[in-house]
Structure formats: structure tokens, C-alpha cells
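Down below are the structures I want you to see.
After this come two complexes, each holding chain A, first together with chain B and then together with chain C.
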Partner chain A sequence: MGTTFALLGAASAALFAGVGSAIAVGRAGQAAAGAVTEDPSLFSKVLILQLLPGTQGIYGLLIAFIALGRIGIMGGTLPGDDVALGLSYFAACLPMAVVGLISALQQSKASVAAIALVEKRPDQFGKAMIFPAMVETYAILALLISILAINGIPA
Partner chain B sequence: MAVLPMKRIQIIGMNKDRKTVLELIQRLQSVEIPEAVSGQSSDTLETPKDDIFAKVDTSDARAIFDKNVQVAQEALGVLNQYAPEKKSLLDSLNGKRELSLQEFTERGNDGELVIEKARRILGLQKELIEARSEIPKIEAQIEALHPWVGMDLPLNFRGTSRTKAIIGAFPEKLSEEEIVTTIAGYAPDMTGIDVDVISSSDEQTCILLLCLKEDGDAVEEALRRMNFARPPLSDVVPSKQIEGLRGDLERAQKEVERRKTQIAKYAPERENLEFVSDYYKMRSDKYDVLGRLSRSKRTFILEGYVPERDVAEVERKLTAAADVYVEFTDIAANEEAPVLLKNNFYSEPVEGVVENYSMPSKGEIDPTVPVSCFYYILFGMMLSDAAYGLIMALATGILMLKYKKMEYGMKKTLRMFFFCGIGTIISGVLFGSYFGDMIPVVSRTFFGKEIQVWCWIDPLNQPMKMLVLSFAIAIVHLFAGLGILFYTDVKNGKIKDAIYDAVFWYMLVGGLIVFGLTTDIVLNMLQLSPFVPASVGQVGAIVAAIGAVGIVLTGGRESRNWFKRLLKGLYALYNVTGYLSDILSYSRLLALGLATSVISQVFNKMGTMGGNGFFGIIMFIVVAILGHSLNLAINALGAYVHTNRLTFVEFFGKFYEGGGKKFTPFAMNTKYYKIKEEN
Partner chain C sequence: MSDKQYIYAVARIRAKEMHLLTGGFMEQLIAAKSPGECLQLLLDKGWGDGQVNGVDRFEEILSIERKKTWDLMDELMDDLSPFDVFLYSNDYHNLKAAIKEVCTGTDYEGIFISQGTIEPEVIFKAIEERDYSLLPERMRPVAKEAFDTLLHTRDGQLCDIMVDKAALEAIYEAGYATKNPILSLYGELTVVTADLKTAVRAQRTGKDMAFLKKSLAPCKTLDINALMAAAVDSFDAIIKYLSSTKYADGAEELKKSPSAFERWGDNLIIRAIRPEIHHPFTLGPLAAYVLARENEIKTVRIVLSGKINDMPEDSIRERVREMYV
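Showing the complex of A and B:
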């Protein structure tokens, strides 16, 4: 049971954050493709903006990987039947899973808007890049808490 | 670290020298000629509604030049489509080709001829498109005739003297009997019909129907109720017609090919087209500026800005080239002059970052140097892999050495990533990451003995330590920003503002941090052992309190009402949470650094799954190359974006507003060529 819960946590971090990023990058990609049809020279700029909401998926992977490393799927000690320990891992992974999903979706909106901005005023790329990056802060904070929590669980 | 001082320039000369002067200025590329000089007092020579001096509308001439540029560009586009130039991505780093002034003028004189050729290319392209649009039409006709191939009568066959022939199709699959019975059902009086099914498929049944002339109307009525449709009429037998159409198709295809080769024959004109595109762009720009000059019958006046360092050169060259009077004046106190930055070799590359945000406005200092002090370090911490840093530094370094002639902007960008690469190497060494954990993994898997690398902090196993380091950097970065605010205020003579807005905040935030480091809760959270004596913590608390009181009292000093002032002061104090979130924001240094190393580890682990052996080694190499290139690309992008964010939001938020206008000299905005300047 313990191992199952821990695995559930690790999986949901990769799962939800990954799903969020996939949807978000897809949305931003549509907007980016639209911008490139108007002006192909914008490609590299809008590509960066498209990729911005993709980081949540990477953070999710990161948490999943650290958690898997700790719970013994890839080395380390298995929680075995220790339900409390398993649940601790599950809880530690939650911030990344939930915040990763939602922040990716929200960030994609900022990205789409930033792509529209760059389409109209390509010289304002530097500023356009910051708006989606603001949303990402919260994914980073969640990542931080998840890392600290996993590390704090006595193995 | 400097915003270059500007001078106003006024040039007065004879109209006959106008062209020479303008062309010289365009080549010098160091004079900006604005639409209207701002902050101008009315008693200068240039008054728009003057009887003697007037501006001349040059938009017609410009429109012609712009059209030529467009024609040349379109022709180039067509050429690239049908006779693509063999060009690698790196060739674009070679920079613009150089021409001497004489060559440039000579080739410019033949500009019209080249434009004529460009028009011919566009004409050919038009014919090609027309020919090509014929092809699907013909194909559709052939397609429509296909079901009728088996018929040996033309489709417009009407019948003989006694009989009526009806040719057409039903939109469904029907057999001969079904057709005959259905028609007989609808038209019971008719004498008889003969139905010949030419072809039938699931979608349609094509028939030739014969009946007596007098039954014609009744049969047609019956057919109408069965959704009968007539084919396109033609007096040729279908199979013959298809043959004819095939011939047309072939001719159209040949025509397309012929036009393509004709266009491709113009490939040697590419250079000329590029040249005229540049040539007319320059002339268009020149006429734009010409429209900004005030002219009288014989003289003209030109006003603009020139950086002080170029004053002597501009004057010398202008007076040598023509009989002109050149005058330089200082910028007025209320005048927003365009901004040109000048920095040392190390800081210069991040000028682009500053420019992306905004140029410094009047009174602000150029933040480039402080930005550069942190930029490469922050970038390095986020990418934090010595091997990735080495790849970046080597790649950009080699490009810079190999392509000496590349455009200056490109050079600056490459140099920025070169320094970022160096920063990444340093932090990679400090945190013991070389392609993630490749050294221990490889030594363990393939050599049987694990080699550990030295590191100062291992971020993966000591994340708290790394977090504390990130926060420490945050505090240094933010305090540096506050320090620049202090410096700017002092420099502008606003000593009081400097104390209110910078010193009080130093006291409050600094004091709080010192105090915090003596409390158990903070120390436990950061997993630190107490290292600040309690007495120092108390001093910190007192200093913070003084700072807080100062902020409350001065934070709303622009309000006259004391009550409002106090409220605003309290609100200003609330901004201390802003400092907290600013500092927390630097945890991305840890997070992004971890992202790089964890993904590297994932790939390294995947690579070793083949075990030790010939195929294991091959697999490791393949996985490592693919995986690490991907990781480097994604994380370099992330590091770049978030370094910019920390600079723009956290760092600039403390002291920098910007809003200045970039110095854009009247210059050669060309794409392919530039004029070699001889002294």
C-alpha cells in the first residue's frame, strides 16, 4: 500500500504537470503558427514564447524522478507497507501536480497573448517574454516545496 | 557605463551641396535627423511657417523607390523559389558585402535596368501561375468525362429524325431494368425506350436513352423526377475529347516547366537584385530625410543629434566635402535627446537586454554594467553544467573567430552567450555537474570503478543549502539595485529621496534579515546553525524598526494632507512583502539548476540501460548525444528567459524605469551590401 501511494504521487506529478504543459504548448503553438503565417521571420521569437509553458512538464518529470529515486523504483528504499510514509510522498508530490497543471494552462493564455503582441510589435519581444514568465513563478514555487518536502521525508 | 552625451547639430549649406551632404551623413551613420527636434525654442532658424524656409514633400519620389525595393525583393523571392541559392545557415554570419563608394554609385546608375529585369521575372512568375492554374481545370474536365469514355457518340447528340436521344447520369447505382421500369412507372403512355448504360459506379450511372420524339417530354419529366443530370455538352466523342484534353494538360505542364527554367536563367541576376534593393532602400531613406529639411531657394538647414564623440569627425568630413556651416549646441535641459549606450567589452553584450526593456530616460544612468555583473552569473546558475557551458562558449567563440565580418548586433549576441557559457562552466564546476552525473555513471558502468567529482554544493542532495545560496544572491542583487537608486538620486541632487527611498529600505530589509538569522524558526527552516550573535540580531531589529518608521513617515510625502500621508506611508511599508516575494523568486536559480541536472541524469540512466558491452556503449553514445542536445536547448532557453525576468522584474523594479528613445542615426539600412568608408 505504501509503495502504491508513493508511486501514485510521483506519477501524478509527471501526469498532471505533463498534461497541463502539453495542452498549453499546443494552444500557444496554434497562436504561434498563426503569427508565422503573417510574418515567417517571427519564427524564432514565437517559438520561444510557445515553449515557455512547457516547463511545468519538465518540473513534473523532475519531481517524479526525485520521488522515484527515493522510493526505490530506481534505487533507494521502498516504503513497502508503511502507508503513512507512502502518503507522505503522495502529499509531497501534490503541489507540483496541481500547480503544475493549472499554472501551465494559465501560462498558455499569457503566452498566446504575448504571441499576439509580438505579431503586432516584434520589437517588444523582451517585454512579451516576461508576461508568461510571471505565471511560471508559481510553478517554480510549487516545485520548490515539492523538492523540499520529498527531501524532508525521513527515508 | 555610460549614456553617451549628445549634441545638437545644425548644418546650413547651399542647395547644390544638398545631395553630397546627405549622402555623406548617411555613410557616416552617426547623425540622427528626427521628424521634429523636440524642445525647440521658436527663435531658432527653423520655424515651419516661414516665408523663406519650407519643407518639401518628397513622398512621391519615395513611393517610387519603395516600389522598386519591393519589386526587387519579390523578384528575389521568386528566384529563391525556382533557383534556390546554395547557402548554409552560417553564411549569414559573413556580414554584408563591401563596395567602394565608386562601385556603389556606378552600379546604382544601372539600377533601372535591373528593376526592368526584376519586372520581367515577376511577369514570368505571373504567367507561370496562370499556366499552373490551368492544370487542375483540365484535370477536372478529364475527370468529368471519364464515365463517358465508353460512348462512341458525342455528348451533344440529340437523336435522329424520328428519335430523341437523352444523355445524362443518375446520382446512384441503377441497373438498366430498374431505369426502364421506373421511367415506365412515371410515364405510362410512352411507346417504348431504349436505355444503354455507359458506365455505372456507386455514385452515378451514366446512360444513353433513346425514345420516340413524341414521347420526349414525358420521358424527360420522368427523368427529372429521378434527379437526372446532363453532362457538359461537346460535339466530340468523349474518348477523343479526353485525348485532346490530355494534350492540353501536357502543354500546360510544359509551359510551367518552360517558365521555371526561364526564371531560373535569371539566377545570375541575384546579386544585382540584392544590390538594387539596397540601393533604392538607401535612396528612399535619403528622400525621407530630405523631406525633413527646411529649404529656401538656394540654401537648406538640417537639424539633428550627434553623439559628442563623433562631433569632430562629422565636422571635419562635412566641411571637407562641401561648403557648409556646421554648428553644435548643447542639449537643452528640458530636451529628451536620443540615447546611445557605450560600454566596455564585458558589459556591452547585455545592452541588448537593456534595450529590450527600455532605454534609460533623461537623468537615469545606463544600467548595462550592473546588469552585466549579475547576468552571466544568474544564467550560469540556472544552466549550471560545466559541459553545457563549455559547448556554448566554444561554439560562440569559434563562430566569433571564424566570421570576423559578421554584423555587429550578431557579434554582441554571440559574445553575450559566450560569457553566459563561461558563467555556466563556473557554476557547473562549483556544483559538480558535467553532463549531469555522466562522469560517475560512465566510470561505474563501463570501467567498473566509480569516480566522484568535486563539488562545493550538491544541489540534488543538499537543496536547502542551494536555496540559501540563491537567497543570498537575491539579497545581493536586490541591494545592488537599491544602491543604484541611491546613486542616481544623489547624482541628480535628490539627497532626501535617496535617504527615503533607498537608505530606509536598506535599514528595514537588511535589519530584518539580520534579525531573522537569529530566530530559531528561520534557522530551522533553512537548516542553518546559528552564526549571528543574538545581540547583533537585536541591533538588526532596532535598525529595521527605524527604517520602518522612516518609511511610514516619508512613503507618502507627495501628499499634503498629513493623514493621507500617514496612510500612504503605511501602504509603502506594506511593500516589504514585495521584497519577500522578490527574494523567493530567486528560488528559480535552484529549480532551473535542478531541472538541468535531473534531466541529464534521466538521459544518462537511460543510456546505461544497455549495460556494458559494445552495443551498450553505442546506445549510451546515441542516447547521450540526443538527450543532452535536447536538454541543453530547452534549459538554455529557460535560463535565458528567467535571467531576463530576474533582471527586468526584480532588479529593474528597484531602480529603473526607462522610457528613453534609442538613437537611430540616418544610416545605411541595407541588407546585403555596405559601403567601405575610406578616410
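Showing the complex of A and C:
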């Protein structure tokens, strides 16, 4: 049971953050395609804005790897029937899973708006990038807490 | 429908908005020394198809611009039906034209407008053969009633007001049916401005309550009973009623001149849609773009007609509408 909870935590981090990023990158991709249809020279600029909400998926993957390593799935001792230990891993992965999902979806909205900004004022690309990047802060904070929590669980 | 997202389409519209005419450009048009210079400014801006040229063919250039807008919408949207609200007025115009042609047995060249939800030929056939089932359900009763009225009374104005009222009701219902705020607002404001214009015209020509009842379409933001009562009373009563509504600023324009009031009505719609310039996901920016294009085509027509008829710059300027961008 302990192993199951621990695995559920690792899978959630990869799953929810990944789903969030997939939807978000898809959404920003539609806007980027619209922008490039009208002005192909914007490709490199809008590509960066499209990729910004993709990072949550990577953070989720990172947390899943760390958790799996600590749990012992990739070699080591499994939590076995230690439910408290399993739940601890589950709880430690939650920040990345939940914040990853929500921040990716919200960041995609900022990215779509930033793509519109770049379409109208290509010279303001630097400023346009800052708006979606602000949302990234919260994904990074969640990543940090998940890493600290996983590493803080006594093996 | 209101939840559907149009991210790709809106991104393309954002780029297209860069090519809309601005207030500054309109000033340039007004300041042009001749209609030819005016037209050249538009051609330089990319208007027309590069082949049609000449002041005498400016209506063709405007038609090309209108077609460009609708071709773009056709490309961007799987289903254009939410925009029926913009096209119904053309359908009902064609209905009036068909009724008049059939009743008088005269062929008026160029009377039909091609951009509608129903082909003009279908409308004409329905009237000619009295086969109203060819028409959409909403149009059948008014088509029959207006045709019979014109046939029996020969009162063209009565026929027109019947069809015009039906058109307003169709636009109003179609606007709210989309559940899109911008299209609902368009439906509402179209009825409001049309009702106010009709009420003023009826008051000036001394029409009675029966006429007003046949002409004014109901809407949410005007009490048409109060408006009708004011219209049979006096011009000042209309001003007083209008001042008590949310459209109080229109009362000032109404006092100035009919053209100032008409301009106020168009500006009201453009101001209402302007926030759409910042919305990234919904149908709103597409609808706003269509309205913005229609508005600039109308304004260019006003300026060019003014130039062709040697109107003074100030007279043209007071008729020029606000631009979306």
C-alpha cells in the first residue's frame, strides 16, 4: 500500500503537469500559427512564447524521476506496507502536480496574449516574454517545494 | 457557442487589425484635394484588387473590400451562422426589392444585394411564385403580409415598414441567440438606433400611433411605448424621453442634426465593441473586426461621395464615424 501511494504521487506529478503543458502548448501553438500565417518572420519569436508553458511538463517529469529514485522503483528498497512513508511521497509530489497543471493553463493564456502583442509590436518582444514568464515563478516555487519535501523524507 | 475558442482566428485578426483605417488616415482622406487623390490613398493602402480603378468605379472597390472581409471569415470559421445577425438586413432588403419588382412588374437593375443568408434569386422566386416555403420560417409571414399589402393598397411605405420591423426583430433575436455578448449588444443597439431614427422621422412627418406600432421593434433598453407616446407628442418629448434613458448623450446629437444623430448611433456600436481589441480567445474580436470593416467602408463611402459632390471638408468631417483602431 505504501508503494502504491508513493507511485501515485510520482505519477501525478508527471501526469497533471504534463497534461497542463500539453493543453497549454497546443493553445499557444494555435495563436502562433495564426501569427505566422500573417507574418512568417515572427516564427522564432512566437515559438519561444509557445514553448514557455511547456516547462511545467518538464518539471513534473523531474519530480517524478526524483521521487521514483527515492522510492526505490529504479533500484533500492520499496516502502512496502509503510503507508505513512508512501503518503509522504504522495504529499511531497502534490505541489508540482497541482500547481504544474494550473500554472501551465494560466500561462498559456498569457502566452496567447503575448503573441498578439508581438504581432502588433514585434519590437516589444522582450516585454511580451515577461508576462507569461511571470506565471513561471509559481511553477518554479512548486518545483522547489516538491524537491525539498521529497529529499526531506527519511528513507 | 460562447465557450468555443477561436485562438488561431483571433491571432490572424490581430494582424489584420494593423491594416484597418485609423482616424488619422481618415483625416488624410478628408484633406485630399480631389476624389481621385482620395481614391489613390486607398489604393496605396491596398484597397481594391489592383485592377478596378477610377472614381466612377469606387462602389466596386468598396464591394471588393467587403468581399475580402467575408472571404476571410469564411476561411477562419467552420460555421458562419453566428454572423447571420450582420446579414439579415441584406436578406430583408432583398425581400423588399423582390416584392416591389413582382408587384410593379419592373426589373430594377442592381437592386439586389448579394451578401445575405439567402440567395436573392430564391427570394425573388418565392415571391414571384407565391411559394413562401422557399423562404426561412421567420421570413414567411412578413413576406406574405407585405406582398398582399402592397398588392392591395399600393402603399410602398407600409410594405417597407413591415419588412423593416421584421428585419429588426430577426437581427435582435439572432443577436441574443448567439449568447455572445458582442453580437447580442449589436442586435440590441441596431434596434435601439433604428427605433430612435424611425421615431424622430415619424414625429417630423406627423405620423400617428398606428404607424409607430407597425414600425418600432421592441428591445431591452428602450421602452417603446414611452418612445411612441413621445413621438406622437413632440420632438421635445422625444428628447426628454431619450435624456431619461442610458442613451442620454444621443439627445444632444439629435438636437444638432439628423446626420449627427446617425453618426452617434454608429459610434455607439464602435465604442461598445472596442474592448474586443484586447480579447484573445472568443468570437468577439472576429465580430468586432467585421463591424469595424463595415464601419470603415461606410465612412469611406461618405468621404468619397462628399468629395465627388464638392462638399466642404467640415461637412464631410461631421459625418465621419469613429474608427475601431
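Structural remarks
Everything below uses one rule, namely that the second predicted complex is superposed on the first by the 155 of 155 C-alpha atoms of A that agree within 3 Å, B and C clash if a C-alpha of one lies under 4 Å from a C-alpha of the other, contacts with A are read in each partner's own complex, and residues count from 1 in each chain.
The rule we apply is simple: a contact is a pair of C-beta atoms (placed from the backbone, for glycine too) under 8 Å apart; a residue touches a chain by one contact, two chains touch by 3 or more.
Note that this is a predicted model, so its numbers are computed, not measured.
Three-chain overlay on chain A, with chain B and chain C fitting side by side and no clash.
Between chain B and chain C, B contacts the larger number of chain A residues. Once the two complexes are laid over each other on the shared chain, residue contacts for A:Ala32 go to chain C alone; chain B is not touched.
Contact with chain B, but none with chain C, is seen for A:Thr55 once the two complexes are overlaid on the shared chain.
Once the two complexes are overlaid on the shared chain, A:Thr4 sits clear of chain B and of chain C alike.
In this overlay, which is a superposition and not a single complex, chain B and chain C have their closest Cα atoms 8 Å apart. No residue of chain A touches both chain B in one complex and chain C in the other.
Residues 5, 7-12, 14-18, 278, 280-281 of chain C are the ones that touch chain A when the two sit in their complex.
Taken in their complex, chain A has these residues touching chain B: 48, 51-52, 54-55, 58-59, 61-62, 65-66, 74, 125-127, 129-130, 133-134, 136-137, 140-141, 143-144, 147-148, 151.
Residues of chain B touching chain A in their complex: 353, 355-357, 460, 463-464, 467, 584-585, 587-588, 590-592, 594-595, 598-599, 601-602, 605, 634, 637-638, 641-642, 644-645, 648-649.
Interface residues of chain A, counted against chain C in their complex, comprise 27, 30-35, 37-39, 109, 112-113, 115-116, 119-120.
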